[in-house]
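Written out below as structure tokens is the structure these notes cover.
Which chain is which? They are A, B, C and D, in the order written, and residues in each are numbered from 1.
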Amino acid sequence: MRRVHILTTGGTMEKRYVEQNGEMRNTEPQIARCLKLLRLPGLEVTVEQLMNKDSLDMTEADRECIADHVATAVAKGLPVLVTHGTDTMVETGKVVAARLPTLRTPVIFTGAMTPLGIEGSDAMQNLTEALLATQLVQPGVFLSFHGEVFPIGTVRKDREHSRFVSTEAARVATEEPQGRG
Amino acid sequence: MRRVHILTTGGTMEKRYVEQNGEMRNTEPQIARCLKLLRLPGLEVTVEQLMNKDSLDMTEADRECIADHVATAVAKGLPVLVTHGTDTMVETGKVVAARLPTLRTPVIFTGAMTPLGIEGSDAMQNLTEALLATQLVQPGVFLSFHGEVFPIGTVRKDREHSRFVSTEAARVATEEPQGRG
Amino acid sequence: MRRVHILTTGGTMEKRYVEQNGEMRNTEPQIARCLKLLRLPGLEVTVEQLMNKDSLDMTEADRECIADHVATAVAKGLPVLVTHGTDTMVETGKVVAARLPTLRTPVIFTGAMTPLGIEGSDAMQNLTEALLATQLVQPGVFLSFHGEVFPIGTVRKDREHSRFVSTEAARVATEEPQGRG
Amino acid sequence: MRRVHILTTGGTMEKRYVEQNGEMRNTEPQIARCLKLLRLPGLEVTVEQLMNKDSLDMTEADRECIADHVATAVAKGLPVLVTHGTDTMVETGKVVAARLPTLRTPVIFTGAMTPLGIEGSDAMQNLTEALLATQLVQPGVFLSFHGEVFPIGTVRKDREHSRFVSTEAARVATEEPQGRG
């Protein structure tokens, strides 16, 4: 049976509505609820909850902690999925990639723009895609989001459009007019 | 065909998740979406959007505006439903009751603890109940919430338990032990 | 605390999708799941599951059984809600009304056109309304559906439009032109 | 921008509840509704509705028609996604594979055990995964289901457990005890 190890760190994917103050907060982890909504009969999923933070509040120590746990799972031959807030997901991914230059398995980062349980949430889509990506891509650190899988060194958040975009595509787009000139 | 006139004023029932800042806000009215989820073949529903405010931000002028529009609808013989934030719903209801001591039709206030479109929301339940209450209760100002219909003068919000409770029940409960003593 | 006694008998409200044959069937009662979706802090709800049948399969003995259990609950002073398939809901309601000509509490029949858990289902709306109706109407046998509460002797199913309609309204509509002539 | 061409043929993924008779039927295609629930900003999706059939009703002519349209899309360099009933999905996939032995792009078959819009449906999961698979796997004919991507020649439906299983895994499992003996 194929396997995947999930490390959860918080972010929008794990936020919930708190009635008392009407805010969205990282209270208790939601990953178990998410996984119950999926059918994965051929996949053995293990989950480790490292922290439950808005990614703007993450420290360097937090990123090192994540990299440590990724290293441990990869050493066991497990593909890894890291759920993470979108604001600093690329930053953490780059820390992991720098710490682990030669990987035996894929490490996929994902998250959400709208929390699970809110109408129009992209949490289940991103989790579903990232889980499949752990089974299909080669070893390396990637960011999976909205139907795309980016190598971690070539992606940035596009806050205005609530998505991630390739920095390479942008460069090509910029250079193209010159190439035609 | 039976009729009801809905006045919307905002509150949690009308809040939506805003991806850019991760907050719940009163942006655009949601009442049309709510009504589409109900089947009311025997009821002619008209909707008037008065404002879209958190009820903690309501002014005396806002409450007078609401009372004016209730008066106009009642004068036409229409039962009235007012959607309103829970924090000052009772206060506005009392302003309306004081302004309109003799009513020809029922005036029902309702709202929600969790916005429509969030898992576990009570918005559709409260709207469904309040609409039926406009057809079943006698003329007067009432607050309909979580399966209960309270005369406006006998109800208060119980913030801790995210509900409304009867002030009369509380008094009875307090007096009862003495009565038995 | 107010109370209501629910008698479940099956019908569309209780149907579920069966993957093995792709059909909707009355397998296990769904009422507990429905009630968990509602907030009813002031209502003590008791549930008795009498049968789980498509109402086209109900026998006279089934209807007598329902009437017996309604009588028992009414004798205890409990308002009663009966969930029932729509095809013979009026028939059963009339059996109950004939058996219990003098009632101390309201007896409300309801059901659904589309099962709970299917997009566009009217099950939660009808259950929500019927529960409130048990608290607001006078003693008698009623059918509550899609925002309307009909005395049982004045209602029939309109299969084509997936709703219930008043037989009195129809009669009035028919007579009106004459009245004006 | 990356592209995918979707061919819809019916099956459970496209079934809807019909109130008049209480059955699940292939009435109108649901693929547009499914796609609206996904965020795919980097993917240009085109849809062609070939038929809307329960796959037990498919004829050889239907399978040839599907193979023809797959061939046309592949010839344009498009990855292809075919939505299909689960009962004969493997059979149609093999017809396509036999007709198109050398492919330039991936052709992914998928479907669902429970229709979209029914609680617990696997339709969105399978569609999400299959769309990503069209972007990640090498050219060839595959079946994507419940988190697994199978080469079409090595998969069969396991009706009892509502899933697909590898025929190779089964063979290995059978042989293993002997290998150890």
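Annotations
In this text, contacts are C-beta pairs under 8 Å (C-beta built on N, C-alpha and C of every residue); 3 or more make two chains touch, one makes a residue touch a chain.
Chain labels with UniProt names: A, B, C, D = Asparaginase.
Please read these numbers as outputs of a predicted model, since none were measured by experiment.
The minimum number of touch steps separating subunit B (Asparaginase) from subunit D (Asparaginase) is 2. Placing every chain at the mean of its C-alpha atoms, the farthest one from subunit C (Asparaginase) is found to be A. A separation of 48 Å divides the Cα centre of subunit A (Asparaginase) from that of subunit C (Asparaginase). The distance from the centre of subunit C (Asparaginase) to the centre of subunit D (Asparaginase), with each centre set as the mean of the Cα atoms, comes to 41 Å.
Once the centre of each chain is set as its mean CA position, subunit B (Asparaginase) and subunit C (Asparaginase) turn out to be 27 Å apart. Looking at subunit A (Asparaginase), one finds that none of its residues touch two or more other chains. Taken together, the chains touch in the following pairs: A-B, A-D, B-C, C-D. In the complex of the two chains, the subunit B (Asparaginase) residues touching subunit A (Asparaginase) come out as 12, 15, 17, 19-20, 22-24, 113-120, 159, 162.
Listed in rising order, the residues of subunit C (Asparaginase) touching subunit B (Asparaginase) in the complex are 2, 37-43, 122, 124-125, 128-129, 131-133, 135-137, 146-149, 161, 163, 165.
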